[in-house]
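See structure below.
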Amino acid sequence: MTTAAELLAGIPELAGAEPVTRVTIPARLEYTHTPGSAQTRFLTALPDKRLLAERCPQCTRVYVPPRGACPTCGVATTEQLELPHTGTVTTFCIVNIAAKGLNIEVPYCYAYVLLDGAHVGLHARVGDVPYADVRIGQRVEAVWNEERLGPSLASISHFRPTGEPDADPESYRRWM
Amino acid sequence: MSKQPVAVVGVGQTKHVAARQDVSIAGLVREAAVRALADAELTWADIDAVVIGKAPDFFEGVMMPELYLAEALGAVGKPMLRVHTAGSVGGSTALVAANLVAAGVHGTVLTVAFEKQSESNAMWGLSLPVPFQQPLTAGAGGFFAPHVRAYMRRTGAPDTVGSLVAFKDRRNALKNPYAHLHEHDLTLEQVQTSPMLWDPIRYSETCPSSDGACALVLTGDSGAARAPRPPAWVHGGAMRSEPTIFAGKDYVSPQAGRDCAADVYRQAGVTDPRRQIDLAEIYVPFSWYEPMWLENLGFADQGEGWKLVEAGVTEMDGDLPVNPSGGVLSSNPIGASGMIRFAEAALQVRGLAGEHQIDGARRALGHAYGGGAQFFSMWLVGSERPDH
Amino acid sequence: MSPAARSVDRHGRGRDVAVVAFAQSNHTRRTDQLSEVELVMPVLHDVLKQTGLTANRIGFTCSGSSDYLAGRAFSFTMALDGVGAWPPISESHVEMDGAWALYEAWVKLRTGEADTALVYSYGKSSPGSVRDVLTRQLDPYTLAPLWPDSIALAALQAQALIDAGLTDEPRLAETAVRSRRAATGNPHAQLRGSADPAELLQRPYEVEPLRRHDCPPISDGAAAVILAAGDTARALHANPAWIRGIDHRIEAHQPGVRDLTESPSTRLAAAAAGAFDAPLDAAELHAPFTAQEVVLRRALYLSDDVPVNPSGGPLAANPVMAAGLIRIGEAAALIHRGEAHRVLAHATSGPCLQQNLVAVLEGTNGNRNGNSPRSTDGTRGGAR
Amino acid sequence: MPPEVLSAPLIVEFPFTRSTGPVLGAFLTGLRERVVLGARGSDGRVLCPPAEYDPVTAEELTELVPLGRLGTVTTWAWNERPRPYQPLDTPFAWVLVRLDGADTALLHALDAPRHAVHTGLRVAIRWAEERSGAITDIACFEPAPDTAEGPAV
């Protein structure tokens, strides 16, 4: 394959010039993000430490956070209900690799927490427990980030074990 | 209304590497396309339409890059379509192209998929700082690791299975000149002791980040008759999607994957995939997905996929070789990875896979998935023209 | 340059496919209160209701949208929630205007693998500056680093037309006025009605020679169409809008390589779609800028008596990524309402009309003596 | 129903690193050295900016030719209010310029008073003081001196 240097060699004015092979082209676009009605309802309840879920009028499944539609029925979820701050770990991993921009100290436990009464797992950290002791089925409760309560999921610092016995696998088997 | 038969008569791909610093984006896709045309012994003038696919535009920082790629792909004056179905896009793109031939809309179609991840950073592209969220993972590894754990818990698979897959695919890659990773001295022990990134996924059990492109030339009966080398015939192809997150989603074995495979098998007249399919190129970006997809695709009973791995069934000399090319674990230009699976399946049934050829391969499955394990695309190709 | 010659005839043979339902949102400058799925879902419900179909009876679903518009990778995956993709559906997505999603769906129906298809697209331009976002679709080495915005590129094209004597600023203003006054009859349009041309021409330039009235509004919006094949179409609609031909072509990318006063890709696509085989009753053209209508009219050999954009067109509402699909929907709606028999729809993509799609839609029953499409000046279209 | 509309800025920013390949690499090298290169197409036309692949035949193009530093405006658009990152922050004209020796036109900015801008105007390259091998090494165009000779439009 031809190179830039070979092409330049044929042009007297440029013969021998150090060829450009790469160029850095920064780009910046500014957006204003709005999360929509359903997520706004959920987010604005977080500063009050309220976990606002929404129920599908057709299949009655409970979504938290709600995203505006029941994804299996394709209809708006408009009935709100408040969920307790407790739930069950349905699966998890231990993250040992720091990701640029995430600003979370590694290692940490990233888990799906099925809040009591919900039918989808909330993605959250599990802490205040040695990672070797985190289990599928473990009962956990929300720890709020008192300094950073606001309309963001960052209001929940993490979940920690409640010390209750593990949940019956049948209670969460379908709702990982 | 019967579909026209579709044949793959040209396959081309680039040598996949971390950074193709010698070519522009156009130069990269062009290289794969030229090789596919050369394989088919066709020229740009023989192509009626171009279908191109890639994953998110943020990966290269070019919005709808197909607009700028029209000249490089000889598409000026022709129809050009751009597909984007997340990680499954390489497969979906090939299927959209195949449908153009099957529907009788075009005679010969060039389809291309690519990713030039070195222009930016996939981690960045996947983790744009969307407000109000609290991102807990960056990239795909953390996202899929909990699903792997759920699989291990559900099936009781020993935690060594993932390393067996990784070791197999990396050794297979040594026979594939286009594969990104050529780790000649890798040992199983090294895989098993490599750092745990997202427990239970180890470093050596994850795919690399690659620059690369893949291209196929698809045609019908008359095109296949003129082809200089044996064609691969499409016996079945399907896409299925389910929502990203929903109550009752089975992350370990998504229904969309099962339904997609069932549709392909129905079209191809396959009733016993384990026996009737000679090999599979399966989209396995993290090694544990091999046993998971073996079950999802009906090659193993539920909970039994890992046993096939342990028994060596999926090795190059096993009775269902999986990813003789080295798979996504050895090369991952994201947008192209699905099409590479489809292409490798075609090469096998054409008998043109070179050193990683499986002897006597007559029917092969190409598989891709994407999004939150929600988008699936598959095709089954064979050496014989389908008789429907 | 003429692959059409080798392609299978698009409008003589194969399976007949028709538009049997069309719905769109009320397009607005902002929809801050709505996520993409909240924007698109009511439109999906609307088309399904029109046909009595449910999502799980649809054979194929295809959508069009852009991550760059949303500012997020994989933005389309969440919009899928509005479809209710369960049990899993046969589905695809193009990173293009929804008109190309419709094309992919049309192909799928032609294979016989599906009898019905749901096509949707959406665009929320409000989160970013669409004028600047679109600079990112230019050649990343020689064009994008200069940030030539979409109005600037359209203005270069407009000036080329003026230099060639093909239009002038007063005539462009008349196009804007005609479009926006036509939109008074379209409840979904964003801009309805217009000041007189003389007044518009007093206003400042955006990028000379284009003034604000020459440019499309910035819109958030969504649209959906249901396609059906053969007897299924006849069962779902009393007067299906049959797609007699559909084709799309792309040109070279660099504006400086092309003659900006011409659109050879539009003409090729139109010829392949059969647009020149019989007279047209109306045309819905995806010309977001007034001057682009001049280019398209020439490429399509449209005479002045063919009503263009009776809906108001993209000058009245321009939800990027949906505006092309809306042209096909509006063309079909004219047929559904019995206001036209044979209508051309056009969609475009890329800088200065780089890529163009043309579809020709026809009613079943002739209806050639029916009412003509509404037009602002009270004259009847469809003279033949 | 929503108590308020939440909104927050979302900044999408990245320093994309682009490898250029031979043709664009040579073109950008030329800009750095104040030489503009065009590519000779299959039909003999000279394309500038140089195309890697011929727009008509799709053939790979590898013959590069140096072009003049003067050119002719083939169309223009007056930009009274420049936007962020555009080549100039004072009012300017967007122009397509056919450089002497080329058959196609290059997009760039023209720094000239509004009344001076017209199709057919002869223009000259104003080079950026610091050049790194990028299209922005051309700072902009400016009207050519009256004595500048060139092909008729």
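The first chain written gets the first letter, and so on, giving A, B, C and D; residue counts start at 1 in each chain.
Throughout what follows, a residue touches a chain if its C-beta (ideal position, glycine included) is under 8 Å from a C-beta of that chain, and two chains touch if they have at least 3 such contacts.
Going by UniProt, the chains are B = Acetyl-CoA C-acetyltransferase; C = Acetyl-CoA acetyltransferase; D = ChsH2 C-terminal OB-fold domain-containing protein.
Bear in mind the structure is a predicted one, so any value in this text is a computation, not a measurement.
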Dominant chain pairing [most C-beta pairs in contact]: B-C
Most distant chain from chain B, judged by the mean position of its C-alpha atoms: D
Euclidean distance of C-alpha centroids - chain C vs chain D, Å: 31
Centroid spacing, where centroids are CA-atom means, of chain A and chain C in whole angstrom: 36
Centroid distance [mean C-alpha coordinates] between chain B and chain A, Å: 27
Length of the line joining the C-alpha centres of chain B and chain D, rounded to whole Å: 39
Per-residue overlap in chain C, given as positions that touch at least 2 other chains: 1, 32-33, 68, 71-72, 78, 80-81, 85-86, 127, 132-133, 136, 139-141, 144-145, 252
Shared interface positions of chain A, touching two or more other chains: 1, 3, 21-23, 25, 27, 29-35, 37, 39-40, 43, 67, 70-72, 151
Per-residue overlap in chain D, given as positions that touch at least 2 other chains: 2, 5-12, 14, 16-22, 24, 28, 51, 55-56, 85, 134
Category of the chain touch graph - line, ring, star, complete, other: complete
Chain C contact footprint on chain A (complex, rising order): 23, 25, 27, 29-40, 67-76
Touching residues on chain C, where the partner in the complex is chain D: 1, 32-33, 71-72, 127, 131-132, 139-143, 145-149, 152-153, 155-160, 163, 204-205, 207-210, 252, 254-257, 260
Chain C contact footprint on chain B (complex, rising order): 1-3, 24-25, 47-49, 56-65, 67-68, 70-71, 75-86, 92, 96, 99-100, 102-108, 125-126, 128, 130, 238-244, 246, 254-256, 259-260, 263, 371-372, 374-375
Parts of chain A lying in touch with chain B, wherever the complex brings them together: 1, 3, 21-22, 25, 27, 33, 35, 39, 43, 59, 61-63, 67, 70-72, 90-97, 99-102, 104, 107, 110-112, 119-120, 123-125, 131, 136, 151-154, 156, 174-176
Chain A partner contacts - residues on chain D that touch it in the complex: 1-23, 25-26, 28-30, 32-33, 35, 37, 62, 64-66, 85, 132-134
